[in-house]
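The same chain A turns up in both complexes below, where it pairs with chain B and then with chain C.
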Partner chain A sequence: MGCGSSRLDRTSGRLNGLNNSENASAHDAKNLRVKLVLLGDSGVGKSCIVLRFVRGQFDPTSKVTVGASFLSQTIALQDSTTVKFEIWDTAGQERYAALAPLYYRGAGVAVIVYDITSPESFTKAQYWVKELQKHGSPDIVMALVGNKADLHEKREVPAQDGIDYAEKNGMFFIETSAKTADNINELFEEIAKRLPRPSQVQPSQPAS
Partner chain B sequence: MLLSLLSRRSLEVDSRDSYGFALRPQHIQRYREYIPIYKEEEAERLEKWKIFLEQHQKPAQACFSKEEDETPEFKHKGSSEEEHKEILPVGATELKEETSSKEEDKASLPAVATVLKEEVSLEEECKETLQIEAIKSKKETASDEEIKETSRAGASELKEEFISETSEEGDASRGKSDFAGSTESETKREAQLSEERKTCKVQKRWAQTRPSLHFIEKMMGLRVKKGKNTKDEKVNGSGDRFVSIKEAEHLSGESEDVLEEVCVNEMSANNMNASKGESDLGDGTSQEPFFSWKQELENLVHGGLPKDLRGELWQAFVGVKARRVERYYQDLLAEETNDGENNYQNSSSSSASKWRRQIEKDIPRTFPAHPALNEDGRDSLRRLLIAYARHNPSVGYCQAMNFFAGLLLLLMPEENAFWTLVGFLDDYFDGYYTEEMIESQVDQLVFEELMHERFPKLVHHLDYLGVQVAWISGPWFLSIFINMLPWESVLRVWDVLLFEGSRVMLFRTALALMELYGPALVTSKDAGDAITLLQSLIGSTFDSSQLVLTACMGFLAVTETRLQELREKHRPSVLVVVEERSKTGQDWKDTKGVATKLYSFKHNPRSLVEEKSIAEGLEDAPDLRDHSSNLDELFSGLNSEIDSLPDLQEQVIWLKVELCRLLEEKRSAILRAEELETALMEMVKQDNRRLLTARIEQLEQEVAELRQALSDKKEQESAMLKVLMRVEQDQRITEDARRRSEQEAASRRHALTVLQEKYDEAMASLAQMENRVIMAESLLEATKQYESGQAKALSSPRSSRSQGSSQDSPRKRTGILSFGLGWRDRNRSKAIFDESVDNPCSPGRETSNQEKEQ
Partner chain C sequence: MEANQSVTFYDFLDRMRNPASLDLVRSIKSFIVSFSFYPANPENDGKKVQEFFLTMETAIRDHPLWAGATDEEIDSAMEGLEKYVMTKLFSRTFASLPEDVKFDREISEKICLLQAFLRPEHLDIPVALQNETSWLLAEKELQKINAFKAPREKLLCIINCCKVINNLLLNASMSGNHVPGGADDFLPVIIYVTIKANPPQLHSNLKFIQLYRRQAKLISEAAYYLTNVVSAKSFIVDLNAKSLSIEEIEFEESMQAARLANKATLVENPPTTFNTEVFRTDPGPSKFLDEKETKLKGGSKYPYMDAEAGELTVGDVEKLLSLYKDVVTRYTTLCSKVRHLSISKTDCPATSEGTSSLATELEETCLDANGKKE
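Up next is the complex of A and B:
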């Protein structure tokens, strides 16, 4: 019983997360808002992807992420809808996985990143996919991203492996390079297109 | 210490602050604004500290001199050169520069020793005997110590013994290495030596604090001993990891403990000496005098530490001197190199290699491009992190520690940095950075509760936006605000944190930040905006004094005991989740270290071990079946047992989890309901407000209209009044006119009546005249008749004469009469007045005429 209020706190977190995703789809059809979480092994370039996407910069000597960091960015799609991404960039070290649920709970989108030059990071990416399938929200949009595509001469994870794995798990796959900005915007645009639209969601929801 | 190597100019580039850290472009302007403030504060606190240190110099000096007397006493016997460094007269600051060259030489000596020891390690036999010897001797000393601990003099004697023993061993090993030293190892040694020398040139590996700070060091050292016991336990627990790394002095975990204990006792002995020197009382009194100025010191710490003293004061706060074990750091590093070469310690080396890889990844990502963290700086950083991982394998390496180590390296020599890191990570952040990060999760729940308590409105607003406090505060706590706040503020927070020796300051600072920026957050419209706003506000908290004072003064109720209570309350829930996770993630966490598993939860490792043995059993089973079918029965029974065993366990766990989940769902449902209700209420309120505002607007409009109408009416009235006035005036004029015309009319009437009267008069006189005329005519007739009668009588003479005279008079008379009649006919209508005027005289004339006639 002693832990009653603490449990309460955690559930409120989940609850809020859910609210958030509801907000993302149930707000208005033209201006979507979605919580996105980046997961993946340490040093695969999660922060670099976010920085490239949000600020258009690339810093080869970026800082270690402790805990998590937050940035947000809005993009406009061709059908004149805008999508505001609230991006949580998490720490990569394995032990920080203990804190990850705090951030992926209630997220509408999860971007799982691995480094194409590191098979280990690909294994880690699979761990994250399984973790999200178990504990993430059921309608989460997942993307598998092979980063550092510019280092193709050092490639150790064939693109086909990524494609196959993504297909098997109903994910969207893309190879990017934060360094050359390759496919970074495409990644987020594709995610935006795949978001559930309120017009599709509303019929299934009873009018409140 | 790295910082001191850099010239001020190279640090104060545009985009960097005075500590050499990169500034975010958006903050450069604000930082510039704060430079003079920081300088002023710095000057002020330098002055204060100077006074404070001078005041307490005397007693400190006394302690120090005693210490100095003593150190040579028991150290000169152990004549090994690195020990000699300790007795170096580490004097005042001015001396430092002089001594630094000497110290460099001395610092290079341990390196020689390490290399030698490596060589010795090749000769395992010798080493083993040495080990046994050493353990024996140490056990002896330890037991002796126990007995004699009460008598201080005895203890110090023992230490002398002990040190001489160890130095003998060192000598022995050196001799042996000389014996067996091959040319190959010789060259290798030289190479390593030169390498070591290079790094030593960059910085001293170890330095003592200046004597003026010793009294602070001593007081803080007392605190360390309390915590030391727990640390020893931990080292004991994981001691077997260190086992049998071939060194002359540290032969086993046990011996380490002994050494540490010895070191601590040494310290306490010194302290006792000091206090005894002053008053021949017991141990207890030694703490008394310290308290008298502790409050003063605390105030000074809240005001910030002077830049030049910061590194040393931090060490003093953490109790580096009391913690430091001679050569421990070097040995950890030596162990590391050995381990790399021949990894026959599988469990530790696999996790160690994992740490190593992570450390390698993170080193270039620690304060990237900081001018002080060049090649050598990064080497120090690497050594420091590896040494810590070895020292405390239950933590190993955790991201964030790289920043701590980097920061410490900027302020102090490498080994000092190591002990400082050990001090605050092992004691203040125990359980924080372990594999499961339990304490850090617990702290987040505690912080959330404190937030609910302190800022219910803000928390409610954040809840409404879908923001969880821990998302933001988690990184603050884990990084101890490094990279979150501006550096001046980070250092000020660290000052207090290290001084207090607990995580209270973390909470207070976080709460202070919420207090400072909460009001701004309430205006934010969605989760993204709120977090972005808070991040940018936090990042520009340049007013470090305000922050620290708000934290220290505003949240006095947040104390360590209160936090402990809350932690106890929240810990079980975290443990449940951790258990759940480790159960589901078992297949993924094979590589996890045993130590962390032990830490994670008490039930778990047992079940793990069981499962492993079961798996092994199952694998073996088919082979056994081949061997003897008789065993089939037994095995099937076993199998069923095996099946049922984990099943039950799993079921229990599953049910537990299910129960938790259901409870959580229920709670979340309740919460959701509550939230919906509040949302509804809010909407209703908002609706009301909208209606009311609409009504008000309407009413206002009406009022405005009415006012308009009123003013219109007034205008009309005034217009009417004007018209009325004019009309009145007109009326008056017409009245006047009427009166005048009436008057006129009256006068006319009057004139008319006068005229009428005159006319009547005239008529009357005319009638009179006519009467007279008639009378005259009749008279004339009568006369004519008389004349005719006379004429008949005139035929007689008498008649003739009379006739003649009578003939003349009638002629005259008719003349007058005819004239009169003609005049009357002509002027009958006009010339009344004339007539009336004429008339009176006419009769006179007539009469005169008549008289003439007569």
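Up next is the complex of A and C:
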């Protein structure tokens, strides 16, 4: 079963991605906009994590489900800045793996997800980390996410393996459950904190 | 918002005719003219155009005519500017290199072969997403792409196509018989639709949008959709048996059969078709003429001078178009050089589109400005 929401109001018309004034406010000091790309095997829970984050919902039994491939969500931080995440889903099927660079190009954040009940998905996550280290932009913020943390009894990837791997690769690690909402907001808040602050971001337009 | 777009453009032209905007008009004009001095170089040209847009945005923001304008109004002006500049520079910047023309043709030919046998199952598209009506709508949107010259409008074709697909995915999940897969669903469908549509000059259109759409607008959802179609193109270019759920032998046989079927069509219409050339590796700009055509060409740069309408086939359109562009580019260059000599006010023939009179008027305004300067 899928995850999702029975509230369709936000996707039936437009996603909250495109609006006219967006570029005007995109990069001022208080309001960051960042492209976040999701990578990981099909089935690890990428869509569910995003839906949980964007809509606060997870309903594997609902028949009415929404799986958008582009979603955006703005969060407010304590220092009264806001971060708008523009979340790019990528196709997880193997035959599209070679296309990934087209998606992570220009991304400020990569969230690499695996399923703690699936060692193969953990191996795949490591593949993505290596690929991004080689070909991603050097200042990309990477997060390694072990999802489905609610399935303790089926766990096959020890948390320590994720911690160790992330530490070795200088990336942020967290275990989440889209089902129980555990650590979902924490994931995005932590990413937001790690983003280069506006002072470090080059000015968006050279004034002439 | 879309309905207002042509109003916006006329408003832009209107303001440009205001004497107060003479300085802006002069910058625009000299920028456009500067383009005819050098051979096409897409990467460079793209950078130059983007820099120009940014410079002009600042100039417009600081301009008395836009005093107190909202961000939306500035944005409208910039949309008008993009459309004006890129329509003027179109023949110079779109599919301007022989290798781009060649790549377009190769992609289109490969798609032709794939169309002969590719089924949704080959991309594992779930039955719930197999909706001919939606697909057709999406294809139509993509196929419109050459009806427009402005990068914004070309991009809109892509966005519209993707929105149709999004709706299809949404409906499928609402009907309850499909678990939504996000990009896992979206990408295969966009690939399949792209193959069914075989949009004209796919590579050149995508490249044109990427280079010349205002960078501030190539973000968010629009950028996501564009990336998906770029992905689809890339997937198609590299596509082989391993890319599909199909036996290698079946794939090869189907491709071969499609090639033969294509050849058969060629034999029926031999004279000036370029289809056979696709899988050759080396045709340079003029090598893709076959013998018959070379004979027609008779050493001339413009091989169709002696051709009769009845001899031409659809396959000639591409070549004719590129020759046409070549002629127009030369003529435009010649015009601007002549203008710079201040010999006469002879105007370049504008296109016969609806905007031409206004555009011509703008050109004349500029012409005056140029004249005074020299």
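In this section, the second predicted complex is superposed on the first by the 164 of 208 C-alpha atoms of A that agree within 3 Å, B and C clash if a C-alpha of one lies under 4 Å from a C-alpha of the other, contacts with A are read in each partner's own complex, and residues count from 1 in each chain.
The rule is short, and it goes like this: a contact is a pair of C-beta atoms (placed from the backbone, for glycine too) under 8 Å apart; a residue touches a chain by one contact, two chains touch by 3 or more.
It should be emphasised that the depicted structure is a prediction, and the values quoted were computed from it without experimental measurement.
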{"item": "Which of chain B and chain C A:Ser42 touches, first, second, both or neither", "value": "both"}
{"item": "First, second, both or neither for A:Thr82, with chain B first and chain C second", "value": "neither"}
{"item": "Chain B versus chain C as contact partner of A:Asn31, first or second or both or neither", "value": "neither"}
{"item": "Contacts of A:Thr180 with chain B and chain C, given as first, second, both or neither", "value": "neither"}
{"item": "Which of chain B and chain C A:Lys134 touches, first, second, both or neither", "value": "first"}
{"item": "Chain A positions touched by chain B in one structure and by chain C in the second", "value": "2, 8, 11-12, 15, 17, 20, 23, 33, 35, 42, 63-70, 72, 86, 88, 91-93, 95-96, 98-99, 102-103"}
{"item": "Residues of chain B touching chain A in the complex", "value": "358, 361-362, 364-369, 398-400, 402-403, 433-437, 440-441, 444-445, 448-449, 463, 466-468, 470-472, 474-479, 482-483, 526-529, 531-532, 535, 568-570, 572-574, 576-578, 581, 584-585, 588, 660, 663-664, 667-668, 671-672, 675"}
{"item": "For the chain A and chain C complex, residues of the former touching the latter", "value": "1-2, 4, 8, 11-12, 15, 17-18, 20-24, 26, 33, 35, 42, 46-47, 50, 63-70, 72, 86, 88-93, 95-96, 98-99, 102-103, 205-208"}
{"item": "For the chain A and chain B complex, residues of the former touching the latter", "value": "2-3, 5-17, 19-20, 23, 33, 35, 42-43, 59, 61-72, 84, 86, 88, 91-96, 98-99, 102-103, 106, 127, 131, 134"}
{"item": "Residues of chain C defined as touching chain A within the complex", "value": "1, 54-55, 57-59, 71-72, 75, 124, 166, 169-170, 173-174, 176, 179-188, 216-217, 219-225, 227-228, 230-231, 234-235, 238, 242-244"}
